[in-house]
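See below for the structure under consideration.
Read from first to last, the chains carry the letters A, B and C; within each, the first residue is number 1.
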Amino acid sequence: MTNFLSLADVSNIDALIQSGLDAKANPFADQHLGKNKTIGMIFFNSSLRTRMSTQKAAQNLGMNVMTMNVGQDSWGLEMEEGVLMNGDKAEHVREAAAVMGRYCNIIGIRAFAELKDRDKDYREQVMHQFAKYARVPIVNLESATRHPLQSLADCITIEEAKLKSSLIPARPKVVLTWLPHFKPLPQAVANSFSEWMNARDVEFVITHPEGYELAPEFVGNARVTHNQDEAFEGADFIYGKNWSSYAHYGQVLTQDSSWAVTMADLRLTNNGKFMHCLPVRRNLKVADEVLDSPQSLVIEQAANREWSAQAVLKEILITM
Amino acid sequence: MTNFLSLADVSNIDALIQSGLDAKANPFADQHLGKNKTIGMIFFNSSLRTRMSTQKAAQNLGMNVMTMNVGQDSWGLEMEEGVLMNGDKAEHVREAAAVMGRYCNIIGIRAFAELKDRDKDYREQVMHQFAKYARVPIVNLESATRHPLQSLADCITIEEAKLKSSLIPARPKVVLTWLPHFKPLPQAVANSFSEWMNARDVEFVITHPEGYELAPEFVGNARVTHNQDEAFEGADFIYGKNWSSYAHYGQVLTQDSSWAVTMADLRLTNNGKFMHCLPVRRNLKVADEVLDSPQSLVIEQAANREWSAQAVLKEILITM
Amino acid sequence: MTNFLSLADVSNIDALIQSGLDAKANPFADQHLGKNKTIGMIFFNSSLRTRMSTQKAAQNLGMNVMTMNVGQDSWGLEMEEGVLMNGDKAEHVREAAAVMGRYCNIIGIRAFAELKDRDKDYREQVMHQFAKYARVPIVNLESATRHPLQSLADCITIEEAKLKSSLIPARPKVVLTWLPHFKPLPQAVANSFSEWMNARDVEFVITHPEGYELAPEFVGNARVTHNQDEAFEGADFIYGKNWSSYAHYGQVLTQDSSWAVTMADLRLTNNGKFMHCLPVRRNLKVADEVLDSPQSLVIEQAANREWSAQAVLKEILITM
């Protein structure tokens, strides 16, 4: 694997999921792979799980880790080509990426959508500029439109749940449901989860209020419904997430609290497991009773971020 | 040791002090203990000594270290249970602590008193919520009401001074004196020092202006006087610290500069050693002449933070 | 080497350059030297290259690294002696440096010029106070008046270019040219480059608009001209940098864009290589065409920061 920007960089999802489960069973077995190798983790935005889990995974593999908060530890970066740099950005990504690529064997980048200009966000400029100029493998630590380390952890969590429970069918019903929120959030997690679910052997349903349709390339073959109750019927996994509108880009069209997930909602499912990428605003998006119930997988899912990162870093390291 | 939140978590103070002195004599003897173990250090507030000394101690023990500045590297954390999270805090401690507990073998937390609501501060919500939900050992890196890593370093420093000087009696007189400051500071260091001194074989005196009484559970059996000169007479150790009022919670009742420690004050003592946890505002709280005199132990005391942290982390690691 | 504050701390430049080239050829050969040794990197200002390259170099040598952003991770530091500390700075450098010196085997410090008070900046108070009180070796990570790790990397880059190309004469012509900028920048890089070039066997020319004369102690034996074209004629290396006025301290006297470097300028040279310490504002200071041409050494030069840091740290470690 040379980059991990999206699902398109994965040649064999099953093998990658298995590699994550193997890492969980035996975290330090590949410590020789990362010896004298360094990952640089570059954050344009805040991070808790990604920062800690990726760092931990790298250390499990024997790597050194350097983190950098752009605009705080260092200065703002210009991403556009050919511009006269007389504004607030003191350095161009051409130099920043190329230089980091000389100090690091792998570079991880977190750069959220700005939710102002849809075309700009969906061009994934930051990831592509780094991939172009760094000349070392780039790992997406959540970009404007995707969060593939999360999606891989989600797949690992689903496989793990299936291994643990004979009640979950081989081809489970997985429902991605929109949740209410007062702030506009990116579509990255929802996009990415949809992209990966479309590549898995699951019955995949997306439910959200009107106006919250995801971009068609992410919806893929999913069934889409605006009726949350109907979507939940017989579901094995409920994946909750808020996102802002793609059509009316970055807007909050409704905060309808009936979309929040409660135990009453979960009772419509086939004893369905509840998943969320975290952070989650309790009682705004999801009721306490859901998050604290045995049906919630959210902590295990977050814990699996370590193993998804380790699987990806291992895959990159073995091809170096 | 499963947690290190306060003195109550210590089964044998003498052994812990000796372990610190042993670490100082031979810092890398226990490097195997921390192999493939990770400490996560979570800062809600600034830190210099605690950040560096605990990180160093962990590395001496062979551990990996991950640091996180809450609200800067990641987002604000909600500590209250059952609330509707529609404010500025994006994540609940239930998730944050549980997730960090999956990435880390030990978690250190720094969370100062807010000095607005005494009951809230003295409930030690942050520490207790992390201890409840992280499911791994929690180390107090200074909480609302205590700073036990500092107090342990203080004990180590006193024992060391006794070993070095035959002039200090077996049962020394130790005086905690209030110092003037224009800002309201927490009571944590003073509380904690009092708590530990009450458990040691010393003659313990606390002196401060009226209105600065510490909470009774921390004062314990100490003799309290408002006459600093009288308190200093024959003292072997003077421990200076400012704190805001506990009774008139968080208030600055006086800035009386006569409470600052000068050489004239030290001359009242039995060639007493001067201690302070640092940072110290020179000439506001303590005169240059005191801090730069051979009687000052402040640098050695700060250096001993490394060994107090190492003793505590070792104690936790050996029970894992 | 006990400190690395400026060229004056270097006993043999040629050997130090060779040590950097050796490290580049074989980065992990000296990993035993840093075992159980810790470098503390203290940043009063932002950093990308210095932060990452020095950290990487230290890790190549087997060291542990602790970084600290002053005023963000910790509090502001008072540098003046004998003051009443009743302002915004909570800790004095006497304590901060002394304590860090107990936790770290080497301390790196970045502290830019404030460009308000020339005498104060040129006194290099921060570096000297740390060197005085830390009692461990201090490495200059860019100070008010110098950036010697950069200058050493520059020397390594020039030597490397000479090794790679027989077209560069044994005694090359090296031109330091001022570049336009709208903000006042420190003189540190220009000063330091001049100091090192004066100690090398090169024909050294400095060119800048009137009023931008560097301090005489840095100009040394360089030929100074206000005619950039004339300076560039036959040059083997063009080193671009903006700096604010030393005479009219910290002022921007002109933003004359004709001083920006273009390919037309480079054509005046002897197929001259272009160098810049980065970050560089493209098309304001240097044209895209120059930075992206094969004549540009800027990425290699930044990459060599790792090896200059490694040479310096090794030199310090072997004398411990």
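Going forward, contacts are C-beta pairs under 8 Å (C-beta built on N, C-alpha and C of every residue); 3 or more make two chains touch, one makes a residue touch a chain.
Just so it is clear, the model here is predicted, and its values are computed rather than measured.
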For the copies subunit A and subunit B, give the interface type as same if over half of its residue numbers appear on both sides, and as different if under half do.
different
Turn needed to bring subunit B onto subunit C - CA fit, degrees, nearest 5
120
Centre-to-centre distance between subunit B and subunit A (centres being mean Cα positions), rounded to whole Å
39
Residues of subunit A that touch two or more other chains sit at 72
Residues of subunit A that touch subunit B when the two form their complex
27-28, 43, 46-49, 51-53, 55-56, 59-60, 69, 72, 182, 278-284, 288, 291-292, 298-299, 302-303, 306
Of all residues in subunit C, which touch subunit B in the complex?
36, 38, 40, 64, 66, 68, 72-75, 78, 82-86, 90-92, 94-96, 98-100, 102-104
